[in-house]
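Some structures are shown below for you to check.
After this come two complexes, each holding chain A, first together with chain B and then together with chain C.
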Partner chain A sequence: MTATSKTAPPETGFTQNGDTRGSARVTRETVSTVSVAILCVMLLLSARLINPALGSWSQVETVLVLGFFLVVLSFGQGVVILTGGLDLSLPATITMGGILATSWVGAGNPGEWYLLPGVLVACGLVGLATSAGVIWLRVPPFIMSMAMSIIVASGLLGYTRGTPRGAAPDAAVVLMKSHVFGLPTPVVALVIFAIAGWLFQSRTVYGRYLYAVGTNVDAARNAGVPVTLIRILPYVISAVCAGFVGIALVGYSNGATLRMGDDYLLPSIAAVVIGGSSILGGRGTFLGTVGGALLLTILGTIISALGLEFGLRTIIEGSIILFALLVLREELFQKLRSFGR
Partner chain B sequence: MTEVQLQQPAFHDSRPGLVTRLLTGAGLIVMVYVLLYVLYAVQQPKALTSYSIAALINNTAPLALAAAGQAIIVISRGFDLSVAGVISICNVVLAVYPLEGPGGAAVSVLICLAIGAAVGVMNGYLVAVLKLQSIAATLATMIICQGIALVILKAPGGSVAEWISYEMTDRLWGVIPVSGLVLSAVLLIWMVLRRTSFGISLYAIGADESAAALSGINTTRVRLLAHVVAGCAYGLAGFMLSAQTATGNPSAGTPLLMLTFAAVALGGTSLSGGRGGIFATMAGAATLTLLQKVLFSAGIASFYTGMFQGAVLILAVVFSAFLVRLGDRK
Partner chain C sequence: MFDNQPEHSIGGTGADRAALSAAGLHKAYGATVALEHADISLVAGKVHALLGENGAGKSTLVRILTGAVAPDAGGMMLNGKPYAPHSLLDARTRKVATAFQELSLIPNLSVAQNLLLPNLPRAFASMVSTRRTLEAGAEILARHGLDRIDPAAEVGRLALADRQRIEITRAIDNAGQVLILDEPTASLAETDWLFDQIRKATQRGVAVLYISHRLAEVREICTEATVLRNGTTIASVDLGDASDGDIFEMMVGRKFAHQRKPRVMRSASGEAARLAVMDLCGHDLQDMSFELRPGEILGVAALEGQGQQELFRMLVGIERPHSGRIEVDGAPVKFSGPRDALKIGSGIAYLPEERKTEGIFSGLSAATNVVLPVMGQAARGILISHGREISVAQAAADRVEMNPRYLSFPIGDLSGGNQQKALIARTLATGAQTLLLFDPSRGVDVGTKQSIYAAIRAFADDGGAVLFYSSELPEIVQLADRCLALYGGRITRRFKGAEITEQSLVAAMLGHVTPEITEGVLA
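Up next is the complex of A and B:
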């Protein structure tokens, strides 16, 4: 698969494959991040034309609150994709976070300061199991995470006997419903998370290791990267992020359902792809992903404001992913670069 | 290109020994199936009546057909997630526009095949011509297909033509299940197909795409065709599923998605391409369906079925990879 997508047409190979070592990443990643950000702003502004209520500041706040869930999720998904994997277990781990938060912790529990982190640890263990399967049993990532998803979902179904009970923990309600500096707390949290995530992925050693492993495992190992650790980490991060989103969702809607995570899997992948990351791994920035997540959230709010039925919304979502894939195709970028000189 | 060839081990004998052939081919999964069936028959003595055998085959048919299509893609080293979408569309179309009588059934089959082929052409174009990653491209087509299914039918409902739901799940002369005949027909088509240049090219591409291209195989055309053939198999699976459920559900295909991969892996088809077959895949699908029945009759709450399916999927992939490595070591 890799071989096919990277073969350039031989006759033009010499002119195209000049020395683009430095420019390749800068062009591709900056271009896609900036264009996604511009697209976001344009969509928000043009939304006013559809409905005057859209595009207002309160609308922006709503988008950012809703976008918080997707940004956190797609950070986890993005880290997994960066190392060449794919995490399909997000819906199950989101639901797990939500259900454990309501049934273990619940409202008014004085022990929530250690129980809520406990929920995250439990979710992290699911991620650990996924990476164990991927690394040591050599199960393809998407099969392994799909299997874990089914296992966890069925475990939750059995655990709750089909009807989740309990209310949201107080901390989760505070996170989602309070205000800081006149802004909703999730919006502030979104900004902090985006900066922290970007710093981790692009500015720390571990972040750079992720790129190294995603680009070429053998080369990374020879270069002294702790490959095993770096391959374990992404699924754990992703599962913890998903568990956190589960808790946050419970705080937002004050209750857990068994299908609460289902609507987040495809957008999480889409956000990463639209944000300019390669689905093959080794390329992409978190800021691009944040843009992708916000773009999808804005589109979602506009589409639901248009009153389109769910089926059409789904078709549009799929077409957006397809469009992003087509636009981000390797050859297209090569073409653009060759036009540039 | 040269590097790739240098790393390749010398070609091993294409006809492995009897023991390996039994273990890596369909032999193993058929043995597992028979053992599981014995277990089932011990639990439920009526399992050996022609009625319950037919019921079992009826339950198996949709998954077996969908997995057969998936196997074709996996053999050529790809993944196809659109299977869920195609089955859902076929199901809602049959439920919203029921066509009565044998003529209506024939038209319905053709419609399902056409839907599958159309989605297959789209997948094939994206994967073979535009060279998109197959997981990503078929993920997008799957979402679009699910959206289309939802547009056709918003919520579960409608009813499939009675002739289809009755005749396709019936037994000929009270013995031979019709769904079994459909499966045999597909198997027969595959046996012819794999001996054509298309079939041989499919395996060659899966084993080593650049080598296949260098030896003059039109990889683009073969991949495109593979997606169309697979799409037709999904369409047929959608048809058989509708016959069985007799009603429409816009997300009818979703539960089958993971199970097709499990069936392919159980059948010993390597997920990294180039190996495997349809018969073993169908046997894998049959084993998964039988496993559900055995678990149910063993009194395990249906809540936990997923746990076993997930575990079986992981074990199947690990075990088939182990057997492949064992075969390579000789």
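Up next is the complex of A and C:
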């Protein structure tokens, strides 16, 4: 073997060496958004094989109505995760929104036009408290939001003395039960929310700053990004979204319970992760998250249509999060890029 | 001038035998070809330089030689035997050790533990012996002239320069055959210690690969050099036969304009200072006073850790001064942070020291990275327009001669030089009239350096004011209209125009306050 240095002959040495290297443009966000969307459609179609009623249009409508809750929740959760945090207080703020809507506002209350926004403000204050703990007291996000969750849930228990009373406010019932353009209102609301959320996250200045802060706080500060302001808002947005879902859930089932938010924590995180966002922050799109939320809702519908235990559903959701975290690692995208050459 | 190694006979000995040779190395990451066709040959007891612009493939070649990545094609020989390391440790067991540019030390462990890992001395029941670890660590430090460093100190608490020395010491200690030094002087202000260590290693018969952008340094310690361009070995040359111009031409494929462009300062004493600092104290700084006028480029020369970081960070409000005044456009100010600094008066934009950890957002596009401080300019109404984002970014990118093709790429995929151009473009895009640039050409190649210098000069010619620190004296000599030399948190001397020479700066940076000494050096 002659492994000595082979140098280029001088005449061709350094004159004809143009940069022929390039880079393919397949981002992980695009890949995961498209693949989640394809998965949703495939699941819906294959559900038909199990039970012909499952793939019908009315079933799709049901999925979209149920999906509306999760899409709104995972928007808030996604914004928090984008900045490198995690909001574990969602169940408590959902319940807070629901219980305040029934017991504080209630059915037939003429003041609901200002009381319902008041409920959202109250939920937003919970988020503000979480932000304050995370930013100024430097408590790790999962501990701070967990602590807020326990405080709020206990407060609600005391406030209701264990038995929530009251019925759904009229506006909440109208939102969940009426039709617009022949479609259930929540379906239309979902589409509008998805588009608005996507524009907010990817096309507004604030959204762009969220990515910057989530990628590197120090670099964001050096670049002149108003870091503190950017970091306060996500928990507030998340809490307001959760409060809104609480109100909507009350309109859907016409009543609040103390545990109405419990089943939404894991799916809200799972939807974000399945949608291709990095659990460490700085990466992901809201459209991916919407796909993830719908995928989970479809799965839930199929599981309950098959008459499987509820416990099985949480097992499947947990496995999906793990699976998504494994599949969405960077190596896979390196491979996909090399196919695209 | 092109040094083709003679074929070595099997089992032959002697100085001309290649200790480590690699031929036809090729490596692609997905669709990005990092290394097209690289050849290199290191001789025992000699120091070989690896030269090339940023993005030429130097880092990839180093990673292959150290076993961090495997090449897609090509082969390597170590002392006549095939060499295909599958990990850093594997390479180390073959006595090939590397000091990385991005230091590979564990910050929360002690100096001694870092030096000895993964083979810490054992005591009873194969528990790690703290005492013997410290003893062995102290012994290694002493052997490499670093007795002043405490082996029990936590690495993360050391100054950057000392961390780099530890990284180098560990590599030298493990290098029985081949020592690879990737930008070993990036954080070292002086090279005496390093060169002593390298000479000791070559006396033992170690082959050294030395990667640096600083040609003067390379000429001092290396005898031969391999030049990479666009992932391909262009030539291996004897440094004695190649002029700086030859090497520059091989690296970038064009001739180098040597002349320092004389600059006529537009500034007049009648104009108010953009930035005035009076008796600034705090952290390591003592009584620092100076003014920065419109149209002026003011350099800061200092060895590492003389207070320059604190000065820059105070001037943008990341750190608070204990006392003293900062005035912008004649009015006293207090910054709460870089965002505030951008908004006050005619604006101050800041380029931080560490590109990767303090500068770029690797997942975002280069265009977003450039326009981030003024994101609002890229928006129509409340929504950001992609077209406008690119055009705002391009206006700034053009000023640093950055290829607009790169603007839509994630910045993490770009070479270090292009990342640095994007960050300079960011400070220009803010519209601020004062730039604080901390080491504006840190770790970038000669071609990029010239583009950055041209951008800084053009900015000052248009009436902007620039305060910059550089770890490279030629940069200060080429660029600065005036210069402050810092030592121990104080300004030891001020220089103007033609007084700024490397010799006089060195004397002042070493703490010689009296002008006679510097004039002695000059004479």
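In the analysis below, the second predicted complex is superposed on the first by the 306 of 341 C-alpha atoms of A that agree within 3 Å, B and C clash if a C-alpha of one lies under 4 Å from a C-alpha of the other, contacts with A are read in each partner's own complex, and residues count from 1 in each chain.
By definition in this document, contacts are C-beta pairs under 8 Å (C-beta built on N, C-alpha and C of every residue); 3 or more make two chains touch, one makes a residue touch a chain.
Owing to the predicted nature of the structure, the values given are computational and were not obtained by experimental measurement.
Asker: Just chain B (first), just chain C (second), both, or neither: which does A:A271 touch?
Answerer: neither
Asker: In the superposed arrangement, which partner chain does A:F142 touch: chain B (first), chain C (second), both, or neither?
Answerer: In the superposition, A:F142 touches chain B alone.
Asker: For A:S319, decide between first (touching chain B), second (touching chain C), both and neither.
Answerer: A:S319: touches chain B, not chain C.
Asker: Quick check for you: in the superposed arrangement, does A:I94 touch first (chain B), second (chain C), both or neither?
Answerer: A:I94: touches no partner chain.
Asker: One more residue to check, A:I298. First (chain B), second (chain C), both or neither?
Answerer: Touch partners of A:I298: none, neither chain B nor chain C.
Asker: Let me check the overlay on chain A: which residues of chain A are in contact with chain B and also with chain C?
Answerer: The overlap between the chain B and chain C interfaces on chain A comprises residues 1, 3-5, 7.
Asker: Can you list the residues on chain A that touch chain C in the complex?
Answerer: Spelled out, the residues of chain A in touch with chain C are 1-8, 10, 13-15, 17-25, 27, 199, 203-205, 208-209, 211-212, 215-216, 218-227, 282-283, 334-335, 337-338, 340-341.
Asker: Okay, in this complex, where on chain A does chain B touch?
Answerer: 1, 3-5, 7, 86, 133, 137-140, 142-144, 146-151, 153-155, 157-158, 161-162, 266, 269, 273, 279-280, 309-319, 321-322, 325-326, 329, 331
Asker: How about chain B: which of its residues touch chain A in the complex?
Answerer: Contact set of chain B toward chain A: 4, 77-79, 126, 130-137, 139-152, 154, 209-210, 219, 250, 258, 261, 265, 271, 301, 303-307, 309-311, 313-314, 317-318, 321.
Asker: Show me the residue ranges of chain C that touch chain A in the complex, using the header's touch definition.
Answerer: 1-8, 18, 21-24, 28-34, 36, 39-41, 75-77, 82, 226-227, 229-236, 249-250, 253, 316, 318, 337-339, 341-342, 349-350, 352, 357-364, 368, 372-373, 375-376, 379, 382-384, 408-410, 413, 426, 430
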